[in-house]
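Two complexes, one shared chain (chain A), two partners (chain B, chain C).
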Partner chain A sequence: MFELAFQVLVYGLIIGAVYGLATMGLNLIWGVMRVVNFTHAEFLTLGAYTAYWAWVLLGLNPIASIPLSALLGFAVGLLVFYVIIYKLLFSPDIHSTLVATFALGIALAELMKVLWTADYRGVPWALGVIGYSWFSIPTTYVIAFTTCVLIILAMYLILYRTYLGKSIRAVIWDPGAAAICGVNVKRTLAIGFALGSALAFIGGSLIVVYLPTGINPYMGHLYLLKCFVIAVVGGLGNPWGALVGGLVLGLIEQAAPTLLGFIPGVEPLSFTPFIGFLALIIVLLVRPEGILGKR
Partner chain B sequence: MKRYLVFVVIYLILIALSLVSTAYLEVIYYILFLMVISQSLNILMGFGGLYNFGHAVFIGIGAYAFALLVVQGINPYISMIAGGVLSSVVALLIGMVTLRLRGPYFAICTLAIVPAIKYLIIGGKIAGGAAGIVLLRYLIEAYNPYILSYILLSLSIIITILTLKISTSPLGYSLKALREDHDAALTSGVDATRCRVIAFILSALFPGVAGGVVAFKIFWVMPETVIDLTWSVEAILIVLLGGSGTVTGPIIGALIYEVLKDLLMRYFPGLQLLIFGLLVVALISVAPEGIVGLLGNRFKKLRRILI
Partner chain C sequence: MSLKAMTRTTAMVTIIAVIVVVVVAAIAITMFAPKGPTPPTAPTPSPGPTPPTAPTGVPSEIRIGVAIQLSGAQVVEGAASFMGMRCAVQWFNDRGGINIGGVKVPIKLIYYDCESKRDYAVKLIEKLITEDKVDIVIHPYASTFVMATAPVTEKYKKFSVNFGGSSDTLYQQGFKYMISTHGFAILHYWDTPYAMIKEADPAAKKVAIVFKDDEWGRSLGESARTKAKKYGFEIVYDKSYPPDIADASPMLREIAALKPDILCVGSHYKDGYLIATQLRDLRINIKWVVMQVAVSKPEFGQGLGKWAVGFIGETTWEPECKWEVVAAKEGKEYYGPTSDELVEYYYKLGGKGRPSAYTGYGAVAIIAAAKCIETAQSLDPDKLIAAAKTLDFYYVKSRFKVDPDNPAKQIGSINPVIQWQRGAGNTLVYAVIYPSAFATAKPIPMPTWEEKEKWPELILPF
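So, the complex of A and B:
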């Protein structure tokens, strides 16, 4: 029993950290400009494809491809922001960005399908396992987890220790007051969006480590829904909330199939998503602002 | 009367085209289905400003109620109405709990309800689990594509009249007041939760009936096909594309959405969604207030008819 609990805890934390990282970008973009970015799913998928092509063409493993992925994500984010998002931000109905990001997502997914077909692909990156007799874990998982933690730390330093991060947080707090204090709001919004998109790309590249054969143009949608859940459970607009929410969902996803196995008459694996979404609904009703959200 | 003219013209064209050939009938069925789900969504989303991503749940509940009743040997048309009533009851239950949430929290809570119910049915093995219920042998004799399309047509007409009535009723004004300024409306004595729950119930009735029509059309009720988040998103896209909070918006939006999709499928097979996505991005960049808003701003005379 102890072995099982330990296994669930470790795997839950490892998956949860990646979920948290993948959600951070969504959360940052929501926080800075109140845009629900539906293209996030395709940004994740593009990140996964970046890792795949870096592996096939350049021989880089998914971790080594992260700088490339982040740069691409930043560039794509800037492009999308200046071409589409910025004009719509000041339109009478802010939700027109919802349509734009969703439709852009459809177009990007289809573009990927046209370019790279809908076949499932994967990166066969393996470095053996770490562990003792009853507990073992692939080395690549540990490396990915460590990278994840380092990136989250880097995000913390950017957000709390640099002028850029302070201006982003100022814009989250109150765009008008930030502008009065001399923050270039347009540029901050652009960088916030690009940073969010870069985080999504990085998240996508890291997910590749856990998915031996799962890269597909439409894979993002599964994660987008999870990201929404995580973002709200942790607290919308709070990048740390994403981490907490990610860990919560990771633990639920790992623990639920084991626990549900004891209940007769249910299909443990397909019942697990229900538990995850139920947890979200309960959190929302008890604490609508999320676990780490401000009242 | 001018306001009704647009609807009468659109509906007459649809009826005329549906009689021309069965190929048109298929497209018109989808247009009418999209009109029903987007116009019903518009009640809460357009007037109330609340983004309900859970609209697909009502279609699913209608379809499941329809299937379970038809298997018992009950008349399919009565089962459709029962599906609508049941989905309204569920809306009352969901609404009483979730409608206290504001803005994005409501949107994401309803977004989570769709997969939650889907996986509850699959994982809990309810009503056939993932395999669902096959209805072919109960319904094959009663099947008539014209009747199904005309049911959707009458639903669409009823809901359009209802929306017109609501837009100038106390309920409509309360919803709009809540949308514009929640706290100010509360201070003026608007009972927020009550107004929204009523709007939610009304907006759940029609997709519930339409769910029965869908189940009748495909003869198979399955969690993956009848509880489809795509429908929620399509309905929201159509409302925003046409013009949120207007009565003509969802009608014109559904028309343009489906015709565009169909034409692209015919002329650019394989690339249709790529071009469709880019076109929608372009369209919303040009007309952030929706097509009706754009036309209303350009041609002042049209404004009175459209909005």
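So, the complex of A and C:
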């Protein structure tokens, strides 16, 4: 029993960290400009495709492709912000950005289908396992987890130790006061959106490590639902809330099938998403602002 | 120029630059990307044999119509199946055609691309019947398509062939003018792998069954369960997993704790491949791992390399299948081209690489229709269906025999078993291991992951 519990804990933390990173971008964008970015799913998918093409064309493994993914994500984020988001940000209809990102998401998914077909693709990157008798874990998982932790640390340094980070946090707290204090709000919003997009791209590239095949134009939607659960559970608008929410969902996904297996007549894996959403409802009832959300 | 205008200009330049970079990158990736399967080129209407002057009542040609997936999501399966149909048509026409009333009547294949859209396939089937006046209709690939198109052929009382729909619900609809050549999930799967394991490893007892929670997966799960009991295995785990599964590790850890001798996986390609890699990553050693669909695809071996060794799958046709040998052994009739001939025609008609099982699927649609015509000596749908009910013969994809009370129910089909093995000179071999009549290798239990880790990378077969 201890062996099973230990494996659940380790795998839960590892997958949870990637979920957290993938959600961080969504949370950052919501925090900075109160925009629910439905294109997040396609940004994740584009990140996964970046890792795939970097492997096929340049021979780079998914971790080595992260700088490329981040740059591309940042550029795409800037483009989307200036061309679409900023024009709608102050629209009297609060749903306009929501509809626009939703429409952009569909357009991007269809564009990916036209360019790269709907075939399932994967990166067969394997480096053996790290193990001790009853416990083993693929080396690539450990590398991805370490990378995730390093990126989260880098995000911490950017948000808390740089002028840019302080500007972003100031805009999250109070855009009006930030502007009075001399913060260029428009530029901060643009960088915040671009940073959020880059994080989504990076998340997509990291997911490739765990997904031997399954990269396709519509894969992002599976993760978008998880991202919403994570964002709300962790605390909307708080990038660290995403990390906490990610770890919670990662642990639920790993532990629930084992526990549900003891209930006769229940299909453990099919029932696990229900547990995830149940956790969401409980958090919303008990602490509507999420675990790390501000009251 | 004002500061504001300059800022706007800079912003516009930045936007344009980024658009250019993204578009150029996408175009470059597309240009360098490995190309997907090329839809087959249209069969050139070759002059062929001049139709003989037909005696009264004998047609000058047999018009077979097909609406198939030559583009869209199911182009791989559709194009390969269509290639099989073309090969079979060419094989018959090179021999003058099908014998009706002592005259060889050539086949004319009339086809449309349904673009992997069901609604469009329905319209095209109707067009084939009403405008092109075909004698026989071949349904598109996949059960969901056949479910949509079969009511049309039934409405017009047109004799039709289901070659690629394997859902058991298909023969429960009461279709009267449709025959099936394909094996069905509940009826035909798991029999041969279980029989093979029973023969190779009589000590194997405990079976774990996992299957995808969709119609196909549930049918496979039900079949695995029923057949396990039939062969005297003890089921220690029997659970489904969601169709969009992205992590099977919790399920696999539970299975590992139960130490089964056999793991049966009812999957499609994506989830099957995920389970295979996670078995490797978690170092879960199970002696016999039988996985439907995924294992019999070349991509499985290409993706996993040496780690694919030991995985077993069921297939419907492989170039190595020599059913003529089985027919001779059993003293039964063999009809149509042999596998060697089919492969020969495949390359003659421009096929690339190794022909897939779908080529066999498509070919038998034509072969079965031809046999029905020859037996009925007519193109009348009622006579054709009556003839189909009496037939029992071997062809390139095992045996044809339909339920006399329900011709949509194929009951003769036999699925060969294949296994990825390590061959001489460190090659990865795709071997047929059952039935033994034409097996190319003996079955082996799955080598442990620790053993495989020590091996060098194996040379891929295809």
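By definition in this document, the second predicted complex is superposed on the first by the 295 of 295 C-alpha atoms of A that agree within 3 Å, B and C clash if a C-alpha of one lies under 4 Å from a C-alpha of the other, contacts with A are read in each partner's own complex, and residues count from 1 in each chain.
Methods note: a contact is a pair of C-beta atoms (placed from the backbone, for glycine too) under 8 Å apart; a residue touches a chain by one contact, two chains touch by 3 or more.
Since this is a predicted model, take the numbers as computed values, not measurements.
> So, on chain A, is it clash or fit between chain B and chain C?
On the shared chain A, the partners fit.
> On the A-aligned overlay, A:232 touches which partner chain: chain B = first, chain C = second, or both, or neither?
Once the two structures are laid over each other on A, A:232 reaches chain B alone.
> Does the superposition put A:106 against chain B (first), chain C (second), both, or neither?
first
> Going by the contact rule set out at the top, does A:82 touch chain B (first), chain C (second), both, or neither?
Touch partner of A:82: chain C, not chain B.
> Taking the superposition as given, does A:270 touch the first partner, chain B, the second, chain C, both, or neither?
In the superposition, A:270 touches chain B and chain C alike.
> Is A:210 touching the first partner chain B, the second partner chain C, both, or neither of them?
In the superposed model, A:210 contacts chain C only, not chain B.
> Considering only touches as defined above, state whether A:176 meets chain B (first), chain C (second), both or neither.
neither
> If we overlay the two complexes on their shared chain A, which of chain B and chain C does A:280 touch? Say first, second, both or neither.
First partner only, chain B.
> Counting only touches as set out at the top, which of chain B and chain C does A:59 meet: first, second, both, neither?
In the superposition, A:59 touches no partner, neither chain B nor chain C.
> Rounded to the nearest angstrom, what is the minimum C-alpha distance from chain B to chain C in the superposition?
7
> Could you tell me which stretches of chain A are touched by chain B in one complex and by chain C in the other?
Looking at chain A, the two contact sets intersect at 111, 267-270, 272-273.
> Which of the residues in chain A come into contact with chain B in the complex?
These residues of chain A touch chain B: 30, 36, 84, 87-88, 91-93, 95-96, 98-100, 102-111, 114, 225, 228-229, 231-232, 236, 260, 265-274, 277-278, 280-281, 284-285, 288.
> Using the touch definition from the top, list the residues of chain B that touch chain A in their complex.
Chain B reaches chain A through residues 51, 97-98, 101-102, 104-105, 107-109, 111-113, 115-116, 119-120, 122-125, 129-130, 229, 233, 236-237, 240-241, 244, 270-271, 273-278, 280-281, 284-285, 288-290.
> Taking the complex as given, what residues does chain A use to touch chain C?
Contacts found on chain A: 4, 7-8, 11, 15, 53, 56-57, 72, 75-76, 78-79, 82-83, 111, 115-120, 122, 124, 126, 128-129, 131, 136-138, 141, 210-214, 222, 253-258, 261, 267-270, 272-273.
> What does chain C use to touch chain A in their complex?
For this pair, the touching residues of chain C are 11, 14-15, 18-19, 21-22, 25-26, 29-30, 32-34, 36, 73, 213, 239-242, 244-251, 253-254, 257, 269-270, 273-274, 277-278, 280-283, 303-305, 307, 453.
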